[in-house]
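The first chain written gets the first letter, and so on, giving A, B, C, D and E; residue counts start at 1 in each chain.
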Amino acid sequence: MTTMAWTRRRMAAGRFWNQFRKQRAGVAGLTLLVVAAVLAVLAPVFLDEDVTSVVEGTGQKFAAPGVDGLLGTDESGRSILELIWWGAGTSLLIGFLAAVLAMVIGTLVGIVAGHFRGWFGALLMRLTDWFLVLPSLVTALVLAAILGGSMVTIIVAIGVTAWPSTARLIRAQTLAVEARPYIERSKALGAGHWHIMSRHVLPNVAPLLLASTTLEVASAIVTESTLAFLGVSSDKTSWGTMLRGSYDWNAASNGAWWYILIPGLCIVAVVMAFTLVGRALEVVLNPRLR
Amino acid sequence: MSLLELDDVSVTYRIASGEVPAVRGVSLKLEAGSALGVAGESGSGKSTLAMALMRLLPADARVGGRILLGGEDVLAMKWGRLRAVRWAEASIVFQGAQHGLNPVRRIGDQIAEPMLVHGLAKPDVARKRVAELLDQVGLPAWRARSYPHELSGGQRQRIMIAMALACEPRLIIADEPTTALDVMVQAQVLTLIKDLVAQRGISLIMISHDLSVLADVCGRLAVMYAGRIVENGPSHEVFRDARHPYSKALAAAFPTVGDPLSRMAPKGLGGDPPDPMHLPSGCAFHPRCPIKADGCDTLDVELWPVGERRTAACVHVRTELEGS
Amino acid sequence: MTETQAPVPAAQTAAPTLLEARDLHVEFAARGRRARAVDGVNLAVGAGEIIALVGESGCGKTTLARTLLGLERPTSGTVLYGGAPLAYGSRALKTYRRDVQLVLQDPMGSLNPRHTVYEAVAEGPRIHGLPDEEQVVAEALSRAGLRPPERFFLRYPHELSGGQRQRVVIAGALALNPKVLIADEPVASLDASVRGEILALMLRLRADLGLSALVVTHDLGLAWNIADRVAVMYLGRIVESGPVEEVLTAPRHPYTQALMSVLPESPERVVLTGEPPDPTRIPGGCRFHARCQVLASGRAEEAGVAQRCRTEPLPVLPSVQTAQAACHYG
Amino acid sequence: QEPAAGKKVVRVGATQAMDSMNPFLGVRLISTSIFRWSFGFLAVPDSKTLQPSPDLAESWTSSPDGLTWTFKIRQTKWSDGKPVTAEDAAWTFNKIMTDEAAKTANGPAVENFESVTASGQDLTIKLKAPQASILENPIPIMPKHVWEGVTDLAAFDAEKYPAVANGPFIPVEHKKDQFVKLKANPDYWRGKPKIDELQVIFYDNPAAAIVGLKKGDIDLIGRLAPADFQALGGDPNIEQWNKQGRRAAYLQINHGATTTDGKPVGDGHPALKDPKVRTALHHAIDKAKLVADVQNGLAKVADGSIVPPMYTDFFWEAAGQDKISYDPAAANKILDDAGYKKGADGIRTTPDGKRKLEFRFSIHTDTPVEEKLAEHLTGFLKEIGITLTTKRLDSSKFTEETGVTALFDIAISGWSVNPDPEEVFATHLCSRRPTASGEGGGTESFFCDDEFEKLYQDQLKELDRPKRAELIKQMQKELYTDAPVIALYYPNDLEGYRKDRITSVTSIPEGDGIIYGGTGYWPFYTLDAKASAPAGEAGGSNTGLIIGIIAGVVVLGGVGVLVARRRKGAADERE
Amino acid sequence: MTAPLDTTEPVADQAAGSGSARGGTLRYAAVKLGGALLSIAMVIMGTFFLFRMLPGDPVRALAQGRNMTPDQLDLERRRLGLDKPLLEQFADFVAGTLRLDLGTSYEYKRPVLDLILERLPATILLAGTALVVAVGLGVWQGTKAGWRPGGRFDRFSTGTSLIFWSVPTFWLGLLLLMVFGSGIGPIPGIFPTRGIESVDAPDGFAYVLDVAMHMVLPVLTMVGVVYAQYLLVMRSSLLDELGQDYITTARAKGLRDDEVRRRHAVPNALLPTVTLVFMRIGFVVGGAVTVEAIFTWPGLGQLFYRAIKVPDFTLMQGTFMLLCVSVILMNTLADVVYHVLDPRVRSA
């Protein structure tokens, strides 16, 4: 029986994959993401922290691609390629963790606010609305400035400002799900709050959540780099801090276009990939958009 | 010449997973001033057929055969001509009136729109005509300024009918105009449609899955199953004495209150509706047929005449035919 | 509005009363107004009895059904089960809901699209912690006519036809071995051809399991098909009730007559004027008087009750087995 | 876009905007520079020697005890025609001495004033204690008749144009965050400047400023970061100005911070109390690499202390045995000998084995140079078995932790030194340590050394310049050997200007000095430039043409799109 | 006719109907405004406590590393009311805020409100223009894309907008500045790189042109980043509308395709887009901070950016509060506008 269930689940996953496969842009995005993630995870195998060390940096400063390393060097003679590779982990991790944080808070608040329709839900929704209207970049900036720059702070600052839209979405979805007759049926069968929230609402919002988290990661990565540009960054090398470095050391006027373009393009590519995957997921999971 | 003539019309939807033959070779005739009812199970192709009549199907639908409206082939018309025919000669009342109206425009504007588009009236004349039309469907003239959501389902359905009448077409197609309406409201709308047909000589095609409703309004009845017409004839005869087992089942589904035969004895049709992508071989109805004969699963059935002006697509009919 | 309740004659039930509504009122706040969705209802469901509750849209049928299940709390009046008033504590409700089950109109909507048939049917037993889950589920499915049950276990709702889905919903209710089934328009969204099958199933369940049922519908034909008794509801109140044969062959209340007249076989159609009634604005006097065809045609005037129709409220009908109607004219 | 033809206009870029046009409030370099251009001071550093020379004070005398100074104020005019008198100066100083709000910018400069009085053109300042640096007083003298009506100085933005001033330039327009325009003062007592107009244009984005200079939007820009400076290379029209600067960058080491009453404060690492550890640190730092990498070679390695070599009089450099050079081996040896053993992870521990040598390095948030420095130092110290972790603090927090609460181990520090270095030495006095109640006195090191104190007091009184310079050098040696601070390098003054526009400029000191941000108005007073081309040739019409072309293209494109859409209209049908 | 239908529709109902619709909007607006006020109150409260969480001593922040005597510090502390208990400080803060007294900037030594008001017009000019252009572009492209989903134009415009959407604002700004500000290769650097106007700005129409030239790059940057969302929303909401039955009705009525689009689909699809425009003001504000910092645009964003750099906490606090409040008000406006535009919500 359980094996059967597993087979069924695998089949469902297969069906999902078959549909997803038809979203060409989504597949392209996913491929890129998988490559980026694998590279980021493998980075410590091939590189070590020394690639970010300025003392070890042996190359020439602002060496053009081809001269010193494949993609040129930065203001301290470090290889851009190695930095990019090493920093991918940080960028992806910040994006991912911030998105997960936003998603967890958002889901919790959204489901609870949608389920308990009384004053409690109303209060939660007010709070969400309030957070929602705060200009998120500005708020994240203030938060990060107040909390001081470290990876955790950046994640918290982004996560804490990004959850309300998820909460909104989830609440709307919860309300829609809870209006479905099967909730009534479940109640008539004797189900309590927990049962309804965990067995009906959560699984039904989960796909949407997946899609929205994917999109959230994309925006978190952009936010991280913007925060770095505006002066609050984590102490780890990330693509955002690299761009910041290119700005600080005036790579543009020194003609070091590779130092500006490469991290920027990496961000654009990964963000774009996340966005494409997110949109593809939305389309697959929400047939209305097809 | 009949007003509308369908000759071997078929519609196939092309979707990602294959082709859906929604309508498979339907031939029909409709005389001017008469009313035809089309009945059939959900998914049997009724709406598809209706939409095909006005070439309103989505781009992924392929239409075959000929649809002659007043002698002209709708499928071969140029765009300009088609637009001129739409609404001015044949109008349609869609399934589900709630969504057939633009939710953010006033009712009056929407009723007047076809008249203006077809250049049949100047705006002020159109406004007067709107009031007239509203009156005809039993709504006060001030309703013209309402928005759709301010009306009940029954009222909206009447607005749709008023709209269909706007250009005084020769043919009105009404796709399930009463489903989803309450019993009492349903009665109101049906009465309205019946009167319109009777008094103005407008031809009507009415679609429903409720045989009793159709029998009430229409002179003739066509019953569809899996994209085909399986029975066609004068409505009361079909309703009272259906010859195809599916029509029979449909008729029996609506018991006669007071008839002791149906008391505590609901009649139904077992089995599942057919999947249009994997139709059973032979007679598409055979897996559910209570009177299935040998060979039903291979024999290609067609409409055989049953008495005068009646046809039915069942081997038993043919057997009788041959027997007599 | 003061309404006097008619003296309740001892209910001469053939079967013992299982579920009963006593002078039930349910109100909602709707756009700043109070909607009296259920406005004084007495109704008793005996063991093994099938009652049809008919009426037009918005008259409060669903609200009554939901209140009977404890999904809605009455503003006043009581729901009695086995003679005892219903308690609204979450534990008490849970116990109650093992005995009284609900089947909804839209079988697609009543099934969670992400749950398999097995999970859908097993939900009740799981909530109540019943043992032998798989066996219970299999039994319920086969009772509901889905045989062999194993073939359906792992199907998802969208892979089933409408009739099969409704059977799954019914099986889900049956899995708890209920005594009463409340079915809210169980066939309204089904194809005409499968409708009879489901109704036949209900009759069979009554025969096999002795199940009582309250079937909510706007379809008089359905009542004729399966019900023992019928109650006609108008604007939150039962205006006529009694054995099906009596009420549907000789309707006494003008509203019932109007309902009957729209059936295709009726010789003449009575179309009521006005839009569906509004529970936020219940007219005084007889609540039907504004649309009453008897009053409109002047027959009430002839009978000299027209004035009473307009001003004098009618008593709430008691929950008795015999035919009765709330009308000044009849 | 171009200034009116025939006028000599010089546009200076600044990567800061004015904080306030009120000289009592404005403290930013850009603000004080503008004040220097528009107001007179008691004295200015001489453009050649940097020694005080007459400005608004024609001459001065001091009493033998050095406590009473009398200045003769020059007979000249404010730009509104009113005469300048000693009253103006007295009012200015007294205002600052009595009004808390007026203290905002230059409070400390009058702290030592007992009283200031005026009679006619004579100004008498009585001091509480002798002060050699009184001639370096940084306070611009304001027109009393204009300013005495201001009731709330803290809220006064002084945005009235043209301003009443008496310097070489008079502010005539200020667009917030955009630019300040100054006109040459025709009645300036030294004579009208050579140029007609000076404009200061603000940039938030240094990259944009570089682009601006290259494009000719601005003519001069000072205080460049090394990278920005190098970006100017290769442009034939741009002069790269790379001279010794007035700044020293050094590390501040928590060698056992105490309050004024001698109680320890803070949580500094105990190992740093050991002078050997500090010396080892000093040995471990490759200053040449720092100069090369952090300053792109545009700095001088510091083998001395806090006075940069620009001030030749006071500059001191270690030599011979005293000199601590980059030698990680020596550093390791010192530490090994002192018992700081390396653990298994390569990190040393204190001799008692209780604590690892793990230091924090406090820097400011959002300062790329410090960030880079931190990266390097971390690398250097790793070589000698010391872990350094970077701690970023916003400026207020930084000041608090490194100047009051002493919650640091090593911190970045730096100081721009005035021609008279007194103030920078004062920051290492015992009295500058925080009080017991935790109020800060502005120490830069928590240093408190008897010898140093004595030297300081001596130089205060020493009015003979060579002798005083000797004392000051001794103080530097003191700081060098005891190493409460370790000087890293002296960043160069990096500037750039357009040769094709600016025809001559005199730096301060003349020759190899500073142009922008130096003390005194000399560079800008002596600036000469080409007159802008007559109208019609460049600029305005050019822009107009470009706009015209763009507008034309847009309109044409729009029409094209419309036409295309019309055409397609017919085909825009579908099933 | 046998059945008189609805002939006795109550006239009073009609009056009540339209009357209540109008009153409804007013009441709705009042409710929304009430909600907004509550949100603003929360912003004020949140701001106070957020900035009280700051590390360090605000007075020392004010000193900014300059040397201050204990007396001076004390005085400042008293002047800022920091010697009072927290609750009292809060009361003062609220009272001050209500009097529009946002305190005095540490850095500029001037009332924060003055600073803000000075810079507001520039931000409104920049963000407003960018918003108008972005909405125009987004709606236009979204309409075209949604009309033929999957078509060449759709793929092209959606793809392009997504690329821009993925680009960090500051990066785009810097690139534009490098390419069109300083000029690269054959591309001349014709656009100014800083500010809102030239120093020697001409008068009259030429002045307008001058400002327009200065606006090109910042506006382009902001538009590039935000227009994608308008495009996507317009596209999907048009797709939604196209699936509706009333579109089929319109086609059945014999309307030309462009008429169907112009008269039915687009106006209806615009509704959610309009709301989004207002809802996403916060996003635009965030973009303004970056863009203004890059192009030295003398607006609120720049002010805020500088306040963070310093850090000037009163200024940060005041600007933050103002940005939040304006976004809240815009959102409220969005709700009300939607309410007015869409008859469905109006009477719900």
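In this text, a contact is a pair of C-beta atoms (placed from the backbone, for glycine too) under 8 Å apart; a residue touches a chain by one contact, two chains touch by 3 or more.
Molecules present, by chain and UniProt name: A, E = ABC transporter permease; B, C = ABC transporter ATP-binding protein.
Since this is a predicted model, take the numbers as computed values, not measurements.
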{"item": "Per Cα centroids, the chain farthest from chain C", "value": "D"}
{"item": "Chains linked by the largest number of contacting C-beta pairs", "value": "D-E"}
{"item": "Whole-Å separation of chain centres (CA-atom averages), chain A against chain E", "value": "24"}
{"item": "Computed distance of Cα centres, chain E from chain D, in Å", "value": "38"}
{"item": "Centre-to-centre distance between chain D and chain B (centres being mean Cα positions), rounded to whole Å", "value": "88"}
{"item": "Intercentroid distance (Cα basis), chain E paired with chain C, Å", "value": "53"}
{"item": "Where chain D touches two or more other chains at once, by residue number", "value": "207, 211, 214, 366, 394, 573-574"}
{"item": "Residues of chain C engaged with two or more neighbouring chains", "value": "269, 271, 275"}
{"item": "Set of chain A residues in contact with two or more other chains", "value": "145, 148, 231, 247, 252"}
{"item": "Complex contact set, residues of chain B against chain C", "value": "41-42, 152, 154-155, 182-188, 191, 209-213, 215-216, 246, 249-250, 252-258, 262-270, 272-273"}
{"item": "Chain A-touching residues of chain D, taken from the complex the two chains share", "value": "206-207, 210-211, 214, 225, 227-228, 230-232, 289, 293, 296, 365-366, 368, 372, 375-376, 378-380, 382, 390, 392-394"}
{"item": "Chain B-facing residues of chain C, complex", "value": "56-58, 161-164, 191-200, 203, 218-221, 224-226, 244-245, 248-249, 258-265, 269, 271-272, 275-276"}
{"item": "Residues of chain E touching chain A in the complex", "value": "35, 38-39, 42-43, 50-51, 53-55, 159, 162-163, 165-171, 174-175, 178, 236, 239-240, 243, 281-283, 285-287, 289-290, 293, 304-305, 308-309, 311, 316, 320, 323-324, 327-328, 331"}
{"item": "Chain A - residues contacting chain E, complex", "value": "25, 126, 129-130, 133-139, 141-143, 145-146, 148, 218, 222, 225-226, 229-231, 240, 243, 247, 252, 260, 264, 267-269, 271-272, 275-276, 288-289"}
